[in-house]
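Here come two complexes built around chain A, the first alongside chain B, the second alongside chain C.
Up next, the complex of A and B:
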């Protein structure tokens, strides 16, 4: 028989209490793993999302939101426009490999999101769009029949959401305009999945923005010339140049404030779990005062008693950590679902990524938590004097 | 020359309760020799249990000199007392005090775990057999009767082959028949194994069966006599 056996058997004494305490630790660990997994996952998918925009530089009118996240946060408003002449000028630059003009416009559709209403993002694009994003494939249908057709190609998710197939007619109530669905893109895992694409000229016409653009996506021949290229554009009036590296930074900043909140939640959950463990073990120590006394009488040293109680605490935390990780792994999709419902903008792809390193780290964290939580109860138990303990309650 | 195991020289035990000093044991002299079977008797509050705790190195004396197995334990701390206890002394308590989550066998093996002695299961089993529980070694304490539990406690007390067995009111929670059975085990251990036994009881019928009887009153020994009933 080992000390561990004694500790383990004691945990089986009050099964419900042990179960609840383990549950508390498990929930704390699950919260921790999910949040940290979200951290990793969100950054990764966001990076992926932005890399897959296909351009390294975006030129927009000054003050114009430059990606879907900001646009959605601003409620679809705040768009600024620049003249198409800017595009013609920049396009002559020899350092450019590909360039694609675009005109973003938003429409509020009161029927979206089960009647809550939502914003639909229309993007006017030219034929060069596909050159910039060679991975875009059609799930069905094809590219616009002409540069000025009243046609629309729908991103994968938008099509799913609206239940659209090629050949459908889409009515834009505010404009009193009907567009024909000619194609649906495959899933790209980027924000493009949620966008309705229309020919640039059509967009300029129906939204009454002749000769206007909101952005120009640019891919350079040599990424090394990015700095020089950006500098050369600073002289152009009324535009701003955004490199995608900057965009990432902006979004991460946006997310980091909410990260502070969620991390605090995780820390509080862990604190509560630790207090719960200490409380449970302490209670069980006091209930067993006589037993501890008798163990001392028959030869247990202070260290033996300390060991038993410390092991009990650690066992609870080890089991809690183990089950917490299982809960976190099983709960990934639920957490993803909730985040997608809550966040105004969530990148495509896996939002919660649980890596082996994360699992190992949080497991070790739980063990350390057990070791720390166990110190005080173990100390109390080991300090009991045998006679007083045995005769207690008489 | 008979070996003296314990020698107490004017020992006292003083408690402080609500700033008032209570002398549970008063300047008591005592010798316990190898092979003795002593019953400490007396009314409640006479200091029986306190005396037993002190002789068993579970508690410390306040004044006086106590020599246990050639150690002057008067000034010993708990960390030193436990070393003397774990290999030399066995304890049996009125409330049995078995660990409820461990089986009879595991309870008996437990002192070996703490003492760092080899955990010979055969020894534990043969002790359980000796107290008549060979068929219940894997039962939990709650599945045993009071008398059976006390027998497990006796086996537990014997597993380290102690020199002295201390029993505090060992029959106090048992009916007359079980009480006598437990007492018979003590008598047999004393006679056959020459085990020194010190117990407290306020059951005269049983107490008088010990070899030596000590009457305690207000922390003092008021009479010491050899029993005529000891067979």
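Up next, the complex of A and C:
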């Protein structure tokens, strides 16, 4: 206990230096916790997003792989379509539990986004959509009155932002078409919250795409048959099969590559912090050469001196770790905001999840870092000969 | 593998950018102020909510003056209104204020520019969705509001859609099938003028 008090008082003697060193460790720990929290949060949110799509396989028309970019550049055009006959054929497969055809169509509205214009995405869906996504509930209103009604159901977020309620009417300028809002979905926490859903037949009619589809969502009875099922679809001409498991894996692989980079940054930050701690304590030891000599002369053992210096280092790292974790927790929203602004696609939900296990692990890491960083300065201090130390201190 | 990724990512990414929040601010204040007040040299922007200004009591007062209840979605107490005081040198020369008004096919963003006596110099729809949008945006229609004041609009009964005497009664609805949007426009402008009056002179006047 006495040694702890001495170590603590020693640190207090050079307050600014101690504060800056603790700050360095805190920043390094905060970076580490945030990055690891991002790793957990991103994977969880992405998995949730993909799982909540409701299907394991998505069949789309074969075409340009960069449809996202094409869609943007062409102002909403450039989507590839397949024939509805493909759906009719696939739907007969006995391995399928649920299947839902989709037709995505876009319209440009010049008044959107503060007059800069924006794309509105309409998704033509059939009754089977709700079977694929049983968690979709209505906040207000109900499902379409018929398969080809001029009606629209709006995702929660879109309805909030567009200030729409059930019973409103929507006018699509370029098509000169009026649709009635019959329902608003509850929040799902997925991208569906931002979509305008219309009956599939209505979408095919008003967008002049008779018998066309952009995608087919499929859920299998037995996930184990996924490989065989995909294999059988590869022989179908004009379509491409996208397994959600593959997509998940691909995204995680890409994220893993960038993670190597960010983790390197975190490791470098920690190394710099460790060097900073060693440097600070070593300076402190040199400044106290005479003092250490006197302590030894009046009876302090090598082990006592070693303990004091070692404890000083560990205290710095413990405090740095503690404050670093507080910074990481308080900065979660800011980090999330920056990530959302930076990443081209960020899934819904929390992107940075800081768990108690992560906090405990990081804290222990900081303590171990302190113990390791303190060995050399403590050894140097404890190795000093009393007479030489007192003389050199003069 | 990238093929898979991009095909699916477009489904995600496009949705996130499809919708933007509706506000009452000007789309491009620098451009819009210069267009409405060519002689201006600058402007001051002030954000204000009814909650800050007087809360529920003030809302009730405004509703009485408007002659209609506020819409729970469009006219919430937390709606952030913006008005611009237009300057020539250091002197104010007019105001610009916009409101959101529920129309037949969604929001009408109604913007008015007034002189210092709050007389309408110009009115336009920043946003309107209607099959008859061209008729509503035509100068022939919007020009009819030039010179009108809040006093003129107090003669318009919003709830009963009745006009007594005065210049507002002379405003012609050029639309054929959109009387709802015409009525919404009159209500929106009346609300706009009432709110501007409160913002400039304070509550309880």
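Here is the rule we go by: the second predicted complex is superposed on the first by the 276 of 394 C-alpha atoms of A that agree within 3 Å, B and C clash if a C-alpha of one lies under 4 Å from a C-alpha of the other, contacts with A are read in each partner's own complex, and residues count from 1 in each chain.
Note that contacts are C-beta pairs under 8 Å (C-beta built on N, C-alpha and C of every residue); 3 or more make two chains touch, one makes a residue touch a chain.
Owing to the predicted nature of the structure, the values given are computational and were not obtained by experimental measurement.
Contacts of A:254 after superposition on the shared chain: chain C is touched, whereas chain B is not. Touch criterion met: A:158 reaches chain C, while chain B stays clear of it. When both complexes are overlaid on chain A, the residue A:119 reaches chain C alone and has no touch with chain B. Contacts of A:390 after superposition on the shared chain: chain B is touched, whereas chain C is not.
Residue contacts after overlaying the shared chain place A:176 against chain C, while chain B stays out of touching range.
Set side by side, chain B and chain C differ in how many residues of chain A they touch, and the one touching more is C. Residues common to the contacts of chain A with chain B and with chain C across the two structures: none.
Listed in rising order, the residues of chain A touching chain C in the complex are 49, 58, 60, 65-69, 71-72, 104, 106, 111-116, 118-121, 157-158, 161-165, 168-171, 173, 176, 178, 191, 194-195, 215, 240, 242-244, 246-247, 250-251, 253-254, 344-345, 347.
In the complex of the two chains, the chain B residues touching chain A come out as 49, 53, 56, 58-59, 78-79, 82, 85-87, 90-91, 93, 95, 97, 99-102, 106, 109-111, 113-115, 119, 156-157, 160. Residues 1-3, 5-6, 9-10, 12-13, 290-291, 293-302, 304, 385-387, 390-391 of chain A are the ones touching chain B in the complex. Chain C meets chain A in the complex at residues 1-23, 25, 27-28, 73-74, 100, 102, 104-107, 126-131, 133.
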